[in-house]
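A short write-up of the structure that comes next.
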Amino acid sequence: MQGLSGLLLVLFVWAHMFFESSILLGKDAMLWVTHMFEGVHVFGEPYPQLVSAAALVVFLLLALHAGLALRRLPARAREYRAIHTHLRSIHHADTTVWYVQVVTGFALFFLASAHLIQVMLQPDAIGPYASSDRIWSGRFWILYALLLITVHVHAGAGFYRLVMKWGPLTAANAAALRRRTRTLAIFIVGFFLLLGGASLATYMKIGYEHRALVGERYVPGSHADLNGGE
Amino acid sequence: MKPTPMQTIPLKQSRTLRIEILRHNPADPDSHPHLQVFEIEEAETMTLFIALTEIRQTQDASLQFDFVCRAGICGSCGMLINGRPGLACRTLTRELPDTIRLAPLPGFELIGDLSVNTGKWMRGMSERLETWVHRENIEAIDIDAVEQRMAPELAEQLYELERCIECGCCIAACGTAQMHEDFVGAAGLNQIARFRLDPRDTRSDADYYELVGDESGVFGCMTLLGCEDYCPKNLPLAVQLAFLRRKMARQGL
Amino acid sequence: MQIIYTDVLVVGGGLAGQRVAIGARRRGLDTIVLSLVPAKRSHSSAAQGGMQASLGNCLGGAGDNEDIHFADTVRGSDWGADQAVVRMFAHTAPKAIRELTAWGVPFNRVASGERTISVDGESKVISEPDESHGLITARNFGGTAKWRACYVSDGTGHAMLYTMSNRAIAEKIPVHERMEAVALICDGPRCCGAIVRNLMSGELLAYVAKATCIATGGYGRIYRVSTNAVINEGIGAAIALQTGVATLGNMEAVQFHPTGIFPAGILVTEGCRGDGGLLLDGAGHRFMPDYEPEQRELASRDVVSRRMEEHIAAGHGAQSRFGEHLWLDIRLLGEAHIASKLREVKEICQYFLGVDPAQELIPVRPAQHYSMGGIRTDHNGHSQTLTGLFAAGEAACWDMHGFNRLGGNSVAETVVAGMIVGESIADFCASDAGALTVSTTLVQESLRREEGRLQAIANSTGDESVYELTGLMQDTMTRNVGIFREGEKLQEAVADLRSLQQRAAAIRLRSTARGASPELVATYRLRHMLRLAQCTAYGALQRTESRGAHFRADFPRRDDSQWLKRTLARWPDPDADTPELSYEALDIARMEIPPGWRGYGERDYIAHADSARRQQQIDALLADVPETDRAARQQALMPFRHLLPAHLRADNQRVGDGQ
């Protein structure tokens, strides 16, 4: 269950990265994606409540995941001491990575919750300018930068362990699977950090340029053809 | 004829090894865990078995540790060697730095110094997981008759899993087992995988699920893979755990 | 003071002890096993190569049966064995392996069809029969006419011990781990249990039992270079000796294994040679065929070890800074074979020598390996002099190995003996003789005596070091009571041991640590070991012949006319410095195979007059029995089945039966 909720969250986060990075393709592309989530392409007009609902689902999933994960963490002082003694002594890569996951998971519980609650409460505040204003003028870039790093380290490590948890089929392939999955996970994390970093920078740039006009929403100009529904 | 390293390795300048041992004698109310430092001259092909025996014989006769076969077969001498679990008897000092820190395997009841009660833990595990062939009328087997046939490959696969020497390194290397005392660890789960593979054992997956289908069993494992990395016998533990997890998950659904 | 009452007390948690316990438990007796270490760490686990049982499944074993196994074992023993016991053993071994198989041991199986093997240094293709596919296979071992060593890769003992231990756990037999029997409780000629020391806390307690069975293995650690585990100090045999009532048999019969890795003495299995490995000298020459054209590398262990030392003495050893040695070459077996059938060997070579045996030679030299001698018992494992004391396995001398044991016969013996002795213990407990009334006073006295002994050691103000004396004992045994023995050296050993016994009284402990106190343990064990060593050295000095592993350079011939007898050692006077020896003649008139040439080794021996007479008698007895009826022929010569428990008497079936 923990694995499954983790898997769904990982898939969500990775997909999310592609959607938000649509800003790299331009404001219109990002607006199109925003409209897609608001149901504009289906219903003809935006229903930001859909975004709230999606955020709620993710939030619940997150809460479930965190709740399940909590059972595995040291609960008593003895357990806490044992795991820290163990970590200090063994210097074992996979165990250390797990500990990094514990720390990032703990951070994520707050960072991701903050992000999700904001989306739930202000579902309509997503858009090329709205988002950028929040990031720059609203100083949300600090949250997002932290979130970006923690979530990807956490998700990448989770992905690796999920594969090793269920994947190995034969003794001969286990070592190779482990090696390849580790490489792949590092590559994926790197990729999303670059993608996310670039997107964040773009939002920050737009936000900076738009700082005087905070509150104004983006209206597509010569790209109306993109918004087929309107 | 190829010469062996014994003839080709030049005599090295011998080192003085600094061996730091975490000592504690629970039988003595005045004893508290502390590091004691011993210095000994390294000898050619010296193992930790030889080094510890020499320390006990020449420096401190009260030092407790366990060796039985001193050939890497019986699993008695698991300990933390510079923080990592391993078999002391087959660890050559020449592969270690000048300072060697030894500590008892964590996760087991301490008997004294480097000696821990792995036997008690393993017996408990065996009783709990019923690590024996279950079959009807096992007391009334016909031992005059030709034995039942078994595919040669299957016999070899069974031995692959049977090679566990219950040294406890996988438990000491496992963050989960260190935190959760009731976790059966790779040593236990490997046993389930071994008997599950054995056609002579008539237990079904439902029976095995009863034994390990929970958080103290296969679903407690967090895949930290310390067991896989520190198993002195190189047992295919990651594979067995994944396999068992799949089977038990299916059974649980 | 804690007293634990039980029906059966088994001292030793190896294969033999646990099988005895299972047998007794199944007969409804309360049974407790004591073990120095966790039972699965017992030295049985170090047996690598195989277990002899005449299943005759694989091609190399085709046509094998109990008769051939019996003959091989008797010849291997150099006619020192009790032939009735050997018969019981050879007959029960197939049952033992089938029982273990049903309990879960994953013995390697015959794969039908062609495969390549290595014989005499050459590759050869053989074809395993289809009808045997999936049955238990076997490998070749020394001194055997057939491939008979059934194996689980080269972890045979490990797999057997784990299965046996698991079975004992399943049958809810308590194993009291890290407990050492330090003395037997005796009421005159009746053994009533043991005084036991807890090796974790140091406390003493008493176990009172109707029957006490010693299954503590051998006493290899009286030697410096030994393949044995460090716990193999023979304490079980020693506490029996200490009673002054029980006897030890053939203590001078000590086996040296040809292939201990050099210099550590760690064993690499006979299976290396069984599978086709060769012995080479310093010049890379394969020397065994020069000495032993019949069996070459696969003569019995005593012969091969002797030839190796002879070859080294003739100046053909390989030099290293640790001294001289020879080479074991298993490169010709190929990487795949080594990785699957000799993987422990591979690991040992890697870890201890830094050698890959698929590519490089393994430095070897004979090392002490096995104690044929032990607590003298009858064919039921019951001491003939101390009622209620039983022994099984290497600790016992019931006497199936005589003066040399064949490879693969020891693990087989442990289980077979366990099956037989477990039953005889149950029979004993059910009989009038088994009833036990023991006074608490007696138990308390025994306990106090042991407490006093330990206290005396702790209080001793002498100036000797236990570790130094232990080293001196091991040195004199290795130097003077080794493979080649002679009067002068043996006298030196006896004198050395005498002086060490005296010095041992002056051992002072340097540590006063509470609890287990390893130094205290070493001290009381050394006193025991010195007596075992003295039995060995003194017995060897008196035996002025060469037989099996006991080789006297000054009496190089086997002398059946004088020495066809078993040495019995007793130690009735605790203050004496040598044992009291007596001899038990072996009766040729009751032998199935009268003494002759073994088929390998020295051809020269002094025959006993009865040998030829018995052979004539045998020829006459067999004249009327058809050759096809081997059971009847055997029965005519030496009936033995009545000696076995009823459920072990039936014929063993084989896949080729009725063809």
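Things worth noting here:
Labels A, B and C are assigned to the chains in the order they are written; within every chain, residues are numbered from 1.
Keep in mind that, in the parts below, a residue touches a chain if its C-beta (ideal position, glycine included) is under 8 Å from a C-beta of that chain, and two chains touch if they have at least 3 such contacts.
Since we're looking at a predicted model, the values are computed, not measured.
Per-pair counts of C-beta contacts peak for the chains B-C.
A comparison of C-alpha centroids places B closest to the centre of the full protein.
The geometric centre of subunit A is 67 Å away from that of subunit C, both derived from CA atoms.
Subunit B and subunit C have centres, each the mean of its CA atoms, that are 27 Å apart.
With centres defined as mean CA coordinates, subunit B is found 40 Å away from subunit A.
Across the complex, subunit C meets subunit B through its residues 26, 37-43, 45-46, 55, 95-99, 101-104, 106-111, 133-137, 152-153, 155, 158-159, 162-163, 165-167, 169-170, 175, 177-178, 200-202, 229-231, 263-264, 266-267, 280, 284, 320-322, 327, 340, 344, 347-348, 351-355, 359-361, 363, 467, 509-519, 650-655.
Listing the residues of subunit B that touch subunit A in their complex gives 80, 83-85, 103, 106-107, 160, 173, 175-176, 178-180, 215, 220-226, 228-230, 236, 238-239, 241-243, 245-246. Every residue of subunit B that touches subunit C in the complex is listed here, in rising order: 1-2, 4-7, 11, 25-28, 44-45, 47, 56-58, 60-64, 66-76, 90, 92, 111-112, 115, 117-120, 122-123, 126-127, 130-133, 135, 138-139, 141, 143-152, 154-156, 158-159, 162-163, 165-166, 195, 198, 200-201. Across the complex, subunit A meets subunit B through its residues 71-72, 74, 79, 82-83, 85-92, 94-95, 98, 161, 164-171, 174, 178.
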